[in-house]
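One chain, chain A, links the two complexes that follow: it is found with chain B in the first and with chain C in the second.
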Partner chain A sequence: MQDDYGSIWSYRAKWAYLLALVGVLLAPVFYVIYISFNEYGFAARIYEFTLEWYVVVLGDKILVASLEWTGYLALASVLSSVPMGLLAAKFYKRTRHKVAFVTLMLLPLFVPADIMASSLLVYFKNLNRVFEGLSDALGSELFYGWFDLGFLTAWIGQVLYTVPYAFVVILITMSRYRDQQTEAARGCGASAWQAFWQVEFPQIWVGVASSCAFVAILSFNEAPRTALLKGGFDTFANVLVAQMLNIGMSEESYAMAGIMSILSIAIIGSILIYSMARSERLERERRVKAQPLMSQ
Partner chain B sequence: MAMKKSDTAAEDITGDLAVETFGVSKSYGQVRAVDEISVKVESGQYFVLLGPSGGGKTTLLRLIGGFVRPDAGRVLLHGQDVSNLPPNKRSTSMVFQSYALFPHMSVEKNVSYGLKLLKLPAPEIAEKVASILELVGLKGYNGRMPHELSGGQQQRVQLARSLVLESDILLLDEPLASLDANLRKDMCHELKRIQEQVGITFIHVTHNQEEALTIADRIAIIADGKMIEEGVPKEIYERPRKKFTADFIGQNNLIDGKIIGIDGNHVTIDLGFATVTVPRSEQSPDKGAEVTVSVPAEMIEITKEAPQDNEVSQFLQVVYEKETYLGFGSQHQILLPDGNGFVAMTKSSGEPFRLTHGDIAYVVWPTAAARLHTS
Partner chain C sequence: MPNSALDNRTEGGRHPPASEGLWVRVLGENGVQKWVFYIPVVFMTLFLAVPMALTVVWSVFERTQFWMKPGLTLFAYETFFTSARAENYLFSMLHAAIAVVISFALAFPIAVFVRRRIPAALQHRVVLLFILPFMISELVRVFALRPVLGRNGVINTFLMDIGVISEPITVILFSPIGVVIGDVISFMPFMVFAGFLAMEAVQGYVFEVCEDLGARTLRAFREVIVPLAAPGIFAGSVFIFVNSVGGALVPTLLGGPGAVNAGLIVNQAIVAIDFPLAMAISAIMMATLMLLLYIGHRMFDLTKILEPLS
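Take a look at the complex of A and B:
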């Protein structure tokens, strides 16, 4: 919003700066998408639109399998990280030690991805030994191989990475929710769960849905942790990185990058457009129908 | 459990008790929000918890409602100990200061929320909702969303949502604080009318003394986490027992002094610059005790001529400072000989006031109007 006494040019300059910044940040992404639709690939003199590379990628069994694995990982991460982020956000609203709590929640984000991945790798190896020792002590093989590298270890790594993001996204929506509504529901006879599900959740579901989308996108984008923790399967990002390292950027690589970018932008863009449209609609309704607040 | 005897226990309560608290306490960290408060509320009474902000009255209300658990003491509703029960297991419902309507539900859905939780048949719910909306003056508003309502209407919906549950105790936490002055007055009378109509116990928290005096059957003064005193509005206003109450309610002038004589029902006090006589009331002071005298501003008359010395009235020589016009009357700032301020209120008489800044004058009040405070 422009201030009445501010210069219109200063206002326009701020917008120009913002758009330029976003443009610079997103230019490489859009360039990759642009190349991915070229029949002749990168650095060709001729540009001819084609979907051929996407067809090739989606016809490649290894790539489709990696997409499936990534999908499972994303689903498992969404189903675990989002409820954990939600619980953390609820706890944050109750605790008096908010700064300490946020610091602890966000701490995993300050550890570089490779360090976190190798630390987890060592941790799971040792945990396996502990569990094997426990099994031996019990004379059973029950706990053997629980933490062998595989889907579970990749999933745990992904959860560690995505919970802080899920927490922050949900907290933004939840900050507008007034706890007195929960108390009012409890006063009407609702149990704690009923108050959450019937009163609080309908008001924060946009944040929860955004958090789900965000965690899913992060699962598709993340490479270092899954590379070290995945065991015998490949995720889409792992295959893409491996291809780039081994044979450089091929037309298929551009198409793979294009798939990931288009999906991410589409999901985030949809949420953004929906939120803006909803907010606009509510504001319009409020203006039309609301009476002065302090009159009878 | 050892009970601390309240200074202000309501000995004159005779009916059934809806709410009793016995020495309830609640601390938040180092802050003692409620400090061993014992209170008794009769069934069907409009009971007001009055006090300054941050005094602990809302915490006491939340302890009664089950929104916070007491650190010590017990809460009884109709004789049953509910100290460890959550709000949905208590026979109370609550109206909050900031409306707390569910914004994604229409008026009808807000009001019927608790009834649906009780799994009542739909026709019964519809009938009860229609009836309660009529009671609070919102007939025809069923389909409106909360953001389409004014502040007063939102508060009525909240009231309806609580009343429809037919709980026999309604807790109101500063329900009128967000409303403008005129609407607050109207809603005060409206609340009283509804309470008399439904006949249940209302416990109402406010920091607004006018609101409390208008609406209450009984008032409890709460400050610094403690119960200061309790009584009917007239008694609290006209005969405050505690110095704090005299300072908080109405516009009383407080003057410190020392008792130099006790004669039957009267006590003579040396103020340092003059002596005055005040009724002993129910206090049992000792000679030489440090006390405070309160004199209501509206009981004071200002004269230019020295009054006759007599038993039925008291007077002090003062310096007149200034008059502030208030419409229905005027407030006069006066300086006592010890340099402390003194305030008198006079009604508009239509005649010009004769005193001006710096004039020597006399303030006179009926002996029976002043109160003695030992604490």
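Take a look at the complex of A and C:
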């Protein structure tokens, strides 16, 4: 859709600017990955490729334990945030109070991480006190420690952070789905679940799968909320922050940052390539269908 | 035919006959299935809206040695406004505003270019390019700036190698400039997303009309495109502004000892076990955010951003 009257060089320059900006955003990350493979680390005159720092990181029991915790947390977030995002997207379509609902769902995007984390920290401590009072009143220990800082509180923090992304991604995919198809399915006798599972879901599964990947990555990378809400365990990002602040930028820090970046790039890159290939294929199919039939 | 279709419909639970069991009514569309859609609302209300609203209540509590007790005192606000914290907060707002302006100047023209010049089938794919940097951990992206901006970093080494400078530039790291650079790198992709979403509401013929009437690029941008895309620009700006003021990561890693913002003050207050102060600053941040969103909604109707999705 290049402007017929505009200069081709202006068009190319704008493309170059766009790609340069993506490059500027990504260049520091690739530089960190590059350093992480250098045996002599940052600012060395000599560059010798090595996997040594990755071996050191993956051989460190504390770091491996933090990776495990991060994995559990990411899994728990995916299993809860994506269904919640899906429910929210469906609710958005039917509710009359769209403004209030969207504000509530997207608010976590606008509340800074440290502010949200500190509010939740105080909230959980207060909830614990309320629940303990309730337990004492009932003469049982049933409600003791429900909101002690730990996996549950860190999970809540992560779900709050990731649900808006899942909601938006699924909503974008759903915007291409026509509700008349559901109505037609219902008219043919399908239950609400059948209409969703057999008619709607096959058309929006790409969005749901993408939101799974996004939530997993966001959860894996998240640090500020988890730092205040995690209690006794450590996540990979939290260990990295602690290392950076206490030890400085060591070779292990570069390798840890490298692991986080390579994982994110691999997952998001795969999604981008797949979705581009898929829409290319669909476009090709659409064009074939749109071609007039040749007379025999 | 009629019999089977009718049977299916009733089995689907739309109009369950009285003979059906209790579990069908409980699990059916008028039972659990109806209420399950409220789970996100309940969750977000319980764990987001309520704690955020309660920050105001906790901020007027009295501080005790390790916690706080119910009270009605403005001591936390007094502590905040009569110390250097308020000044630091205002400075962090200034830095955030600069980050917003730079992000807008760099990123919004891309949203316009994509919408105006790139074929419709390609537009979403081009915007997706910005997902990749956005999805890499903010922690890593900010951390990655240290070996780039530092004394021995890529920029200084390159400039010294080509003879532009003889001494490393130190002002770009562990300084307010470092914080602004970090904020721009961290949050700029959001301006592309919000800008593009807003530009989707601008019909293609608008550009043609501008050209046919002889409007120059800058004038069309200023007087037509920006007003039409204002909701998206505003949403992107608020996102960058609030996260720059309230996120502690960037000043911690790039700002050096003197750099402070609201997020960092909150963290420091929690480390000092001064919970009312932490809650007072959180309440001020939330009030700022709500005020900005309210003004934005009144001026630009922010729901327009979501129109393409409805």
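By our rule, the second predicted complex is superposed on the first by the 279 of 296 C-alpha atoms of A that agree within 3 Å, B and C clash if a C-alpha of one lies under 4 Å from a C-alpha of the other, contacts with A are read in each partner's own complex, and residues count from 1 in each chain.
By definition in this document, a residue touches a chain if its C-beta (ideal position, glycine included) is under 8 Å from a C-beta of that chain, and two chains touch if they have at least 3 such contacts.
What you are looking at is a predicted structure, and each value in this text was computed from that prediction instead of being measured.
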| item | value |
| --- | --- |
| Partner chain(s) touched by A:A154 [first = chain B, second = chain C, both, neither] | neither |
| First (chain B), second (chain C), both or neither touched by A:S191 | both |
| Comparing the two partners chain B and chain C, which touches a greater set of residues in chain A | C |
| Touching partner for A:A237 - first (chain B), second (chain C), both, neither | second |
| Partner chain(s) touched by A:D114 [first = chain B, second = chain C, both, neither] | second |
| First (chain B), second (chain C), both or neither touched by A:M249 | second |
| First (chain B), second (chain C), both or neither touched by A:A74 | neither |
| Residues of chain A contacting chain B in one complex and chain C in the other | 186, 188-192, 194 |
| Complex interface listing, chain A residues touching chain B | 96, 178, 180-181, 183-192, 194, 198-199, 202-203, 282, 285-286, 289-296 |
| Contacting residues of chain C [partner chain A, same complex] | 4-9, 11-14, 29, 33, 36-41, 43-45, 47-52, 54-55, 58, 67, 106-107, 109-110, 113-114, 116-121, 124-126, 128-133, 135-141, 143-148, 152, 154, 185, 188-189, 211, 238-239, 242-243, 245-249, 252-253, 262-264, 266-267, 270, 275, 278-279, 281-282, 285-286, 289, 293, 297, 303, 306, 308-310 |
| Contact footprint of chain A on chain B as seen in their complex | 29, 65, 67, 86-88, 92-94, 96, 98, 100-104, 113-114, 117-118, 145, 147-153, 158, 161-162, 165, 179-180, 183, 186 |
| Residues on chain A engaged by chain C in the complex (per definition of touch) | 1-3, 5, 11, 14, 17-19, 21-22, 24-29, 31-32, 35, 42-43, 84-85, 87-88, 90-91, 94, 98-99, 101-105, 107-116, 118-123, 125-126, 156, 159-160, 163, 167, 171-172, 174-175, 186, 188-194, 214, 217-218, 220-224, 228, 237, 240-241, 244-245, 249, 253, 257, 260-261, 264-265, 268-269, 272, 275-276, 279, 283 |
